[in-house]
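In what comes next, chain A is part of two complexes: it sits with chain B in the first one and with chain C in the second one.
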Partner chain A sequence: MAVTLLIGISYVIIGFAVAFLLLYAIRHYYLGYSRLRIEHPKDSMELVGFYMPRVTVLIPMHNEERVAADILKALVDSDYDWEKLEVIPINDRSEDKTQEIIDGFSKRYPFIQPLHRTGGPSGKPAALVEACERATGEILVMFDADYVPGRAVIKMLVTPFADPEVGASMGRVVPHNIGGSLLSGLLSLERSAGYQGVQQSRFNLGFTAQFGGTVGAVRAAALESVGGWNPQSLTEDTDLTFALLLNGWKTAYVNRAECYEEVPQTWAVRRRQLSRWVTGHTECLHNYWPDLMRSRFLTRWEKVDALFLLAMYWTAPMLVLGWVASLLLFFIPEAHQTPWLPVALAFLGYQLFSNQATFLEIGVASMLDGTRIRSLLLPLNLLNFFANTGAICNALRKFYWNRVWGSGGDGWYKTHRTRGASGDGSAFGGGAGAAVATRSTTGLYHARTQRD
Partner chain B sequence: MAFLLFSLFFCAVFYLHFSMAHRAWRKIKGRESAELDMGYVRMEDYFGQSFRAKLAVWIKTLPRATNSSTGLRVFDKGNERIFVAGGAQYPAGRKEREILVIEGDFACGRDCDFEKEVMVKGNCAIGPDTQMQALAVDGTLHLGQGSRVRRWADAVKHLTVGQDTVVASRVTSRTSIEFLPGAQALSLFAPEVFTEGRHENELQIEVAPASVAQLPHLDKDAKAMHGYDPAKLFSMGGNTFLYNGDLHLTAPLHLRAPFVVRGNFSCPKESLLEADVKAYGSIAIGAASVVKGNLTAGRDIILKPNTYFQGLLHAGAAMRLSRGVRGLRDKLPVAAYAAGVMTVESNVVVNGKLASAQRVVAVSTPVAWLEGARA
Partner chain C sequence: MSSLRLWAGVALAALITALSVTYAVPIMEAHSRVAAELMGWAGLPVTDWQPIGVFPGLEPASGPVLAIPAFREVSQGARLLLILSIVGLLIVAQRFSLVRNLANFLIVMLVASAVANAVFDNFRLLSTTFGQIWLRQEMLVWLLLPWVMILLFVIPQPSLARGLSWVIFLQAYGFCFSALRMVFVLGVLHHTGLIFMPPLWFLLGTLSDLLFVLFFYSLAIHRSSGELWGVRDSWQSHY
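And then the complex of A and B:
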């Protein structure tokens, strides 16, 4: 009797896991196919430079002496009109030379208005909450301290806000340290698929893009209307995406607003980063799904897409549960084997490897980006798949344990930086393109640069 | 035996799978990405300026050809040659296969064919039905009727795109562009872009508004009037409002807050839109209206005669700028972009940019349209 029950439960689990993963596989294949098929992706590049509202750039920093000068120099070199630009580097209790570097820039450039935090709750969301109270821009642009924006990125990020329905915009992050380790090489594939593939595809199809908290912008009025940043959230960016969506605001994706980032080079750092994302994301799922389903602002397909996005980390435990059930069936002599279920499970699971990016999406993104060599790394992504599956399951186990037993979860964790200190802001040629010509308020004509 | 062969085949495929990946990894190892151009800045006249800059370098660095004769300097550039002359006038039907640099004025007759780029430092007049590759001019440029430019045209002074002329890519000028009926281009950018008849009297519409619809009108108990149903209005917060359905107003509109319409939107003549509007469907703005905000439409945008706009127009499909439309504002130029065809009627003046993913076409205003607008 017990064995029959076990066999029955195992079949139900496998069947459910296959159905669940199949839905995700269909979604990913559809997104990949549609990205390849659309001739003119949705963008507002033709209007870049014609919409210049007042902008505040927020850069949370905690012990960022290695990278602080690079981002500040990059922002000084930006082609955005200085009269409409305010930069707030948020020094959150740094114990290194971060404050000294920021103050040095602030003395030279009056639009850099530092905020030195000495008290209050720590972490990026809390720092953003405090900085937003001082910000004077209509649009708030966010960068993490290790990011180096190109000269035109701010203009590109603000252009979608000419559409009154846009509450946030998201640019694209491109890993710089692709050869730093095998992991960073594999993560570059994942990022490529996630931005060039999935984000652009979802935006083309009329779904809201996901705000990533860096290389992104948010309309100050929209932020205020949803009650500002959620300082309790581990992923304040995902939280904001769905808070905005529930109020009818959309997030636009700007594929051309590219910015270098540094991806984790070691599995330990990656595991902690992933753990934070999984916890924050799943927290948003539980907080928002009832309201999302009831929302009068969203169409049926938008609701389905939002649910898929929020529940994406469930694919990992579903797969593991399916594997366990398959093994049980294999070792129970009474079980009548139906091999297609475990085979389907293995196939679908493998399709969803990495951080939910499929073969097709990575292939499509590599093709569009022209990075063919990197796509040859795909087979090695199997390692990433197993590591991710383990890290995601572990993070979800902790999340639900804490949820049930009410114990405290993981705190905010800052991703470890490996970039060497240049100190002069010259990373990635940041200072090389500085305009020699007098800065024009329109900046639409060709200006002489040192490179010319 | 079959099993052994299959095993061998499987192992070979498995090995290849990972050996190729390993080889790729060895190529990447230790490298940093150089995908992004950190100094990239979007410039509307990029093609013209970039060509000028390259040409200056080529003339300075390339070897001078031995067959250079008096009055004509020739430079070898791989398989191509660059001809540099002081000034020139080409007869009708002349074909030119080399890059041409004219240091004075230049003119060509009807039906010429220039296979490579042309750079003119003086003024330039291109004869009718001429085929060009691309054109950078430091003076004025006149593209004759029916001529065809396969790529871009750029001038520092006034640029005329003649009747039925087609420019496959961008047209830019630092002074002004006149875009005559039948002309087509992918985009036009200048401090002033105008179509024929810009100096004629503007259409006069003297109808005093009988009543004005003030939006947003948040009184939910108010009765539906002027085509507007208060029950369909929702606040998104941040002083932005959403209207769930089509909105076709029958009284002139005074819009004071950003507005999103989940359907088609139209307002009658002499409306005043002080904030941004988005419609999931089409937007039609009545004659003699003033649009101070930006307009975004999922489908078409139509600005009826004599409408002023002061921001951005973004249409997901076609766009029509009717006779007498003006686009201008302080400090920044305006811009209009359509994913479909953009049709520009007579007497339209835009200080900024007109662009389309398909083509911008200038048309003569049909008489029927004018009569409709007057009525």
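And then the complex of A and C:
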């Protein structure tokens, strides 16, 4: 009797896991397929340079001496009109030379207006809340400190705001340390799939693009209308995406607004990053799903897509539960008598395909980007998949444990930087105060490096 | 990309599926013949081939009769191999963080298997039963594989003919690779009993099917990327 019950429960778990994961498989394949099918990806690039409102760039920093100069130099190099540009590097209690580097730039460039935080709650969301109170821009552009924006990125990110319904825009993140380790190579494939594949595809299909909190812009009025940043959230970007969505604002995706970032090179760093994302994302799922279902601004398919997006980390525990159930069936001889065991196992095995239907997206993105050598790493992404599955399950276990028992949970965690310091706080040649700006004959601002 | 490409892929997948269903018994028999040949080369002492019912309503296929020892009959060498495997996996888990979760999962399976075998030391699995389970699973893989391959190989390829060729090639490859894996697992079971069965099933079952598809997919993408870079329009809007 007990054995029959155990077999029954195992089949129910496997069946549920298979059904749940199959839905994600269909979604992934559909997004991959539609990315190839749509002839002209949606963007607003023909308007670049015609719509140039006042912009405030916010860069949260905490002990960023290795990278601070690079991003400030890149922003000085930006072709956005300095008269309409304000840059606020937010130094959140750094204990290294970050303040010195920022102040060096600030003295030379009046549009760089640093905010040195010495009190209040720590972490990126809290830093953004404080900086937004000082920002004067109509559009707020966000970059993490380790990012290196190209010259035209700000122009590209603000262009979609010509549409008054757009509340936020999101650019594309491109890793620059691809050769740093096997992990960073694999993550670069994941990033390609996520941006070139999924974000563009979802935007083409009329679903909301996900605001990533960096290489992104938000309309100050839209931010205010939804009550500003949520300082309690570990993923303030996802939180804002859904707060905007529920209030009728659109989020645009700008694939050509490429910005270079540093992806984790070690699994320990990646695990902590993933853990924060899982916790914040799942928190958003619990906070927003009832309102999403009731929203009058969204179509049925938009609601379905949003729900898929929010629940995506549940796929990992579903898969593990299915594996555990199938392992149990292995040790029950009675289960071997029915033809259903291999059927269940085959379908569960196929969920590797469904969960990894992202492989199709990686392939699609590789082709669109013209990536050749890295595409050969694709089978090794399976290792990343197993590693991710464990880390996600662990993060969810902690999240639900904390939710039930009311303990503190994870705090905000800054991703570790591995970029080598060159002594002047720069790896790309942007030493503090080294850039000198000139106005060219075309009226655009340019910066050149002073070799003194 | 026109819908012709999609429909051509769907037509091929439907044809392969229809042929797999219609000729299920001859296909499984062919699989058994390939397996028998490989077992002969490997020197496995197969004493007989017995009929095994794979799916209700289908004529039975053949399964090999091969001795698989129970836990108490397993040699000391096999037990030592179990310990060495666990130690090896522990070292891998310790040294290579990216594969830590996979290694830990395999360790859990090995330990669970060893404990289950030790507790239920009369637990047995006949080689014919194993062959039956294997064929049931692989038949499903052969039915599903063409549909997955349309999406992975036919749609993104710059050449429709090459995309369709990939599907046919991989279907044939999957068939032969399945026989090879089945023989390998049976060989290990013959020498070491059932201790290694769960991890072997996990690694060499559908996971291997996934891996070989991914391996060839990466090659296909590698080639396509080289051909398409700079001529994106040709595959985004035409055919």
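Note that the second predicted complex is superposed on the first by the 399 of 452 C-alpha atoms of A that agree within 3 Å, B and C clash if a C-alpha of one lies under 4 Å from a C-alpha of the other, contacts with A are read in each partner's own complex, and residues count from 1 in each chain.
Following the convention adopted for this analysis, a residue touches a chain if its C-beta (ideal position, glycine included) is under 8 Å from a C-beta of that chain, and two chains touch if they have at least 3 such contacts.
Note that the structure is a prediction, hence the values are computed from the model and not measured.
In the superposed model, A:177 makes contact with chain B only, not with chain C. Once the two complexes are overlaid on the shared chain, A:368 sits against chain C while remaining clear of chain B.
In the superposed model, A:230 makes contact with neither chain B nor chain C. In the superposition on chain A, A:376 contacts both chain B and chain C. Shared-chain residue A:282: touches no atom of chain B or chain C. Of the two partner chains, chain C is the only one touched by A:267; chain B is not.
By the touch criterion defined above, A:297 reaches chain B but does not reach chain C. Touched by chain B in one complex and by chain C in the other are residues 182, 369, 371, 373, 376-379 of chain A. By the touch criterion given at the top, residues 17-18, 20-25, 27-33, 35-46, 49-50, 53, 174, 187, 189, 234, 236-240, 242, 244, 258-260, 275-278, 293-294, 296, 311-312, 314, 331-335, 337, 339, 352-353, 355, 357 of chain B touch chain A in their complex.
Of all residues in chain A, those touching chain B in their complex are 40, 44-52, 74, 79, 148, 150-152, 155-156, 162-165, 167, 174-179, 182, 185, 188, 219, 221-222, 224-226, 247-249, 258-260, 296-297, 369, 371, 373-374, 376-380, 428-430, 432-433, 441-447, 449, 451-452. If you check the complex, the residues on chain C that touch chain A are 1, 54-56, 97-102, 104-105, 109, 112, 116, 120, 123, 125, 129, 133-134, 136-137, 140-141, 144, 148, 151-152, 155-156, 197-198, 201-202, 205-207, 209-211, 213-215, 217-222, 224-226, 228-230, 232, 235-237.
Against chain C, the residues of chain A that register as touching in their complex are 29, 32-33, 36-39, 182-183, 266-268, 323, 327, 330-331, 333, 336, 339, 341-343, 345-350, 352-353, 356-357, 359-360, 363-364, 366-373, 375-379, 381-384, 386-387, 389-391.
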